[in-house]
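First the structure, then my questions, so here it is.
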Amino acid sequence: MTTTSPTVSPPSTRGADIGAFFARHPLIVLSTVLVILILVTGAIEPNYLSVSGLRGTALIAVPVGIIAASQTVLMITGGIDLSASMIATAAAYITAAQAENGAFVAIGLGILVGIGAGAANGIGVGVFRVNPLIMTIAMSGIIFGLFSSWAQGWLAGSTVVGEFVRTIGGKSFLDGNIPYAVVIWAVLTAMIVGMLRYTGFGRMLYAQGDNAVAARLAGTRSWQVLLIAYILAGVLSAIGGILLAGRLGAVDLRLADGLLLPSVAAAVIGGTSIFGGVGSYSGTIFGALILGVLSSMLTFLDAGQAAQQILFGSIVLGLAWLYSSITRRT
Amino acid sequence: MTTMTTTKPLLAAENLAKRYGAVIALESASLTVQPGEIHALLGANGAGKSTLVKILSGVISADNGSVAVDGTPIRLRNPDDSMSAGLATVFQDPALIPDLTIEQNFRMTGVDRTIVQEWLVKLDIPELDFDSIVRDLPLPLLRLVDLARALAHDPRLLMLDEITAALSADQAELVFGVMREWKERGRSVLFISHRLTEVLHICDQATILRNGHDVESLAPGEGGEARLVSAMLGEDHHESSAVREGTNTGDHVVLEARDLHRLDKVNGVSFELRAGEILGIAALEGQGQDQLFQILSGDRRPSGGEILVNGEPLVAHSPYDAIREGVVLVPADRLHALLPQRSVRENLATPLYNRLSRWFRLESDEKERVDGAIDRLDIDIRAASQVRQLSGGNQQKVTIGRWLAAGFRTLLCFDPTRGIDIQTKAQIYQLLRELADEGAAVLLYSSELREIPLVCDRTLVMYNGQVVDEIADARTATESSLLTAAHGLEGVST
Amino acid sequence: MTAISSSEALGGSQLRDWLRHHGWTLGVWLLLGALVVWYSTLVPSFGGFELSLIVNNSLPIAFLALGQAVIVIAGGIDLGVGSMMVLTNVVAAKYMEGESFAVAILIAVVLIAAAAILNGIVGWIINVSKVPDIVITLATLFIFAGFALAILPSPGGGAPGRFRWLFTGSESGIGRNAWPAIIMLALATQVVGLWLVKTRNGLSLYALGSDPTAAYLSGVRNSKAKILSYAIGGGLAAMAGLATTALTGSGSPRLSIASTATLNSVAAIVLGGIALTGGIGSVVGASGAAIVLFILNPILTARGVDPNSARVIQGLLIIFVLMIAGVLEQRRQRRS
């Protein structure tokens, strides 16, 4: 310790403060909220606290959670993808249209849509420095426009997804206890968490979002990082869309519309900073699960759509506020 | 001078204290300023000067202590409170809104532009275009505009935080003139400066802070510079001295600049940098040295000339290309080098992953490399979870440590000790010397000319975008000889 | 010596300065002019009907863009403006139906004030909670849309003819008189624009968006400026809602209308030259850009392009313009 550096006092004895504990372990706050919500839902509808009840919630959470993965990756870089829901819809649409060519071709082409749209976003944001908010809003409009006219043209007619996609999107194994979609989500989760924590690319994502100037001076070529990040996000959104279509059985042009804002909300609730540089996918998963439980709860309450929207908004606001007031203590 | 009819001090601050979390910025500092007095506030980095000024200007609120103006206690909750108590501050970063015009800035703060204009005339900028956008104007000019605006508020006490730092000598002299005029009006000035000659030159009284306490208050004339320095540094201070025996003169040229040009800022710079030497750049502010470093580091492209690394031309499209050739930059502004929300370790490891082929996993030797840098630089990692929580000196060590971890051949150091405490400064210079001894080439610009003879083997003097002089043995240079050279040839008017 | 040469060069450099700071706004309006001229050559006759079609229909999004512009200039962003528009549209349509003109005006004034207060509270919440604007307003996007749906569960309602005339120049919402809409928009743009750059409070919004620290040191109460920007944005969103009521003669409480309108308002201000980082840009550009975005639809329809392709072209235009802006900005940075 140097004599000229500011004096550092010994660790405060109030270190056992509950708030400080939560601040260091935000996931504990989130899991507490999740458990409380599950119990409250169980109190409203006792049948909910069963395998089938929770499976329903899990199935709701999977597409949101996977699309929220793309938001998490991009928000870490300081970006966002408002075209995620349109990419998801487009991928699902192609998958449905190609159902007759076999599941693998269909899914492969669907994911290719995600790669293409993601690459376009990545070039706009990474190479031409278009603001991500605007780039992806515009991209969303473009995809919607294209598919609206194609839906009356070469894509007309085939809006039902194939059997395999329906299986992985909505069916379960082990006596119907474990949905395939949840397994897919788990595998993706392992890959994303691993990528963010244990790869050089993950480091570059955080570096880009925390301080783009510093990243550049350290030799990072931001366009490469952003291009790959947006392509990855496109792929994740496509997978989310295909699983959603599998659960619902058929596609339409508004298929994933309702998932866009929840996907952003899930990442935000999970503690990823919208300004970049901070965040984790494990937090986002809790965000997606919380939103999923909430949605089940509101269904049981038989709340009208108006009440659902108000409550959904209030909970996003309340959780974000609570979360920020706790984490700000550090 | 006005006769003092009252014995009450203009400003009396008692036992002010401020802490940020575990860090105590100000423990208990008192300050008394009399009417009609130019009062210096002195202290080493981290002594608490800026914290004290921020409290007095209402930017932050003190945890403890009291402030009275004319014997009346006042509450300072925001800058407005300070302003209405008759205190006005000119901060290091001018409080002008970058995207508004000068005129709009004045209107927003409700000052009378005719009064500002009068002061601007006294500061020798009568022709200022009030419709120009603040962002387009140079920093020294903005400081003076901010000063004129503060004066237009007609404050009882004018607080100037390092106002002369970016000013030329004649501009500084104009500011001193204004300070004297203010004093003659019976008003007071609180003057914060690192330049002790200025303090001796103009101040009536000085208060010295050390480690968050006021340790002494005296007339600067008594005892002169030596007394002020020893009060600032305390007992256990040693004058920093040259950190090497002889001079290194390698013969392998690792970096060569040939007639580099960029805009009208760099006008034909050529030099050779050899392995094992520390080559100094001596220059006043704004002689093109910042642009030169940007070119060499690959951050900007030269408009003419070429750079050779080990004899091979280097055309850098981004810093990556220079880094691959082993040419790395330590920028002056740590905000340009650090990831503030990431950990020390992650910051140190960042350059390891700047190429695509290393994106698929983490380097297996990352831990050793990072540990090596932490040990070698003696980085304090107690607050390691976010780099923004480190002290300035430790942050600077991290910016250098990144390149120790990643490896390099040529280190471009742009003013690496700006705003750093003396001890860290010595550590950094010691390290540069060791690196040179190990065969690295170092190009060093320092805004403190007196440090060049202490650290460098050889020195170039830059003036107006050109190398105007070369001193083969930097040890023979003195601060005054460098200063003379850095002002360009005799007879050139500025 | 230097003084003389600089004053000689003043004429040219002043023009350059002016263009640098207002060039984008000028460009937007020139583009709009060119598009209107192009449109006039595409339709058999171009008169009051065509003009009022354009202005009336772009009125809601133009007001919304103005509101978004004020908030973004002050360094925020409000995803909830679209819902605020839908909410006022619904409330106005529900309570104005069958009422006299005077009552309708009273309702309109109350609604604008209420929206300003409500959105001011949103600004206050952002201040207190320290949660980023985009997150809080993401929540209000849902909440306000929920209120709208609760108040008017299915589309309906109405508005007195004279009230509809006020915004559209016609008691049925469609006519040949474009003046009321033009005057309404010009007045709102000018009042908001001048207030922003000429008054202390207005400038404090630019200050907050440009550099919060410098603003605070200049004596701006940052939290007050934030609340003010959201309140004004809310009031202008209410104007957008009232314009929708006048235009359609009914209320429509759909969340999708709200989110589309929000996204369009953000697209319009960015196209209008307002930096999403705050502090830069003019509301005059924003309202022009809102009309540019709208006018593409009738132009492409007149060219025989189907409306879906119109969306594609709209999206491509936004990306193209911003890519050029991005390249120009990179070149400017490289030169400094």
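For reference, chains read A, B and C in written order, and residue numbers begin at 1 within each chain.
Everything that follows uses one rule, which is that a residue touches a chain if its C-beta (ideal position, glycine included) is under 8 Å from a C-beta of that chain, and two chains touch if they have at least 3 such contacts.
Please read these numbers as outputs of a predicted model, since none were measured by experiment.
Asks: If you average the CA coordinates per chain, which chain's centre is most distant from that of chain C?
Replies: Farthest by centroid: B.
Asks: Taking contacts as defined above, which has more of them, B-C or A-C?
Replies: Greater number of contacting C-beta pairs: A-C.
Asks: Report the inter-chain centroid distance for chain B and chain C in whole angstrom, where each centroid is the mean of the CA atoms.
Replies: The mean C-alpha positions of chain B and chain C differ by 43 Å.
Asks: Approximately how many whole Å separate the CA-defined centres of chain A and chain C?
Replies: 30
Asks: Residues of chain A touching 2+ other chains?
Replies: Residues 273.
Asks: Could you list, by residue number, the parts of chain C that touch chain A in their complex?
Replies: Contacts found on chain C: 125, 129-132, 134-136, 138-143, 145-150, 153, 255-256, 259, 263, 266-267, 270, 276, 306, 308-316, 318-319, 322-323, 326-327, 329-330.
Asks: Across the complex, what residues on chain B touch chain A?
Replies: Those residues of chain B that touch chain A are 19, 22-25, 27, 44-46, 211-212, 234, 236, 297, 299, 318-320, 323-324, 329, 331, 335-342, 346, 349-356, 358-363, 380, 382, 386, 391, 393-394, 402, 421-424.
Asks: Residues of chain A touching chain B in their complex?
Replies: 1-9, 11-12, 198-201, 203-204, 206-207, 210-211, 213-221, 224, 273, 277-278, 330
Asks: Can you name the residues of chain A that touch chain C in the complex?
Replies: Residues of chain A touching chain C: 82, 124, 128-131, 133-135, 137-142, 144-146, 148-149, 254, 257, 260-261, 264-265, 268, 273-275, 304-314, 316-317, 320-321, 324-325, 328.
Asks: Which bits of chain B are touching chain C when the two form their complex?
Replies: Per the touch definition, chain B meets chain C at residues 57, 59, 78-80, 83, 89, 91, 93-100, 104-105, 107-110, 127, 129, 131-133, 263, 300-301.
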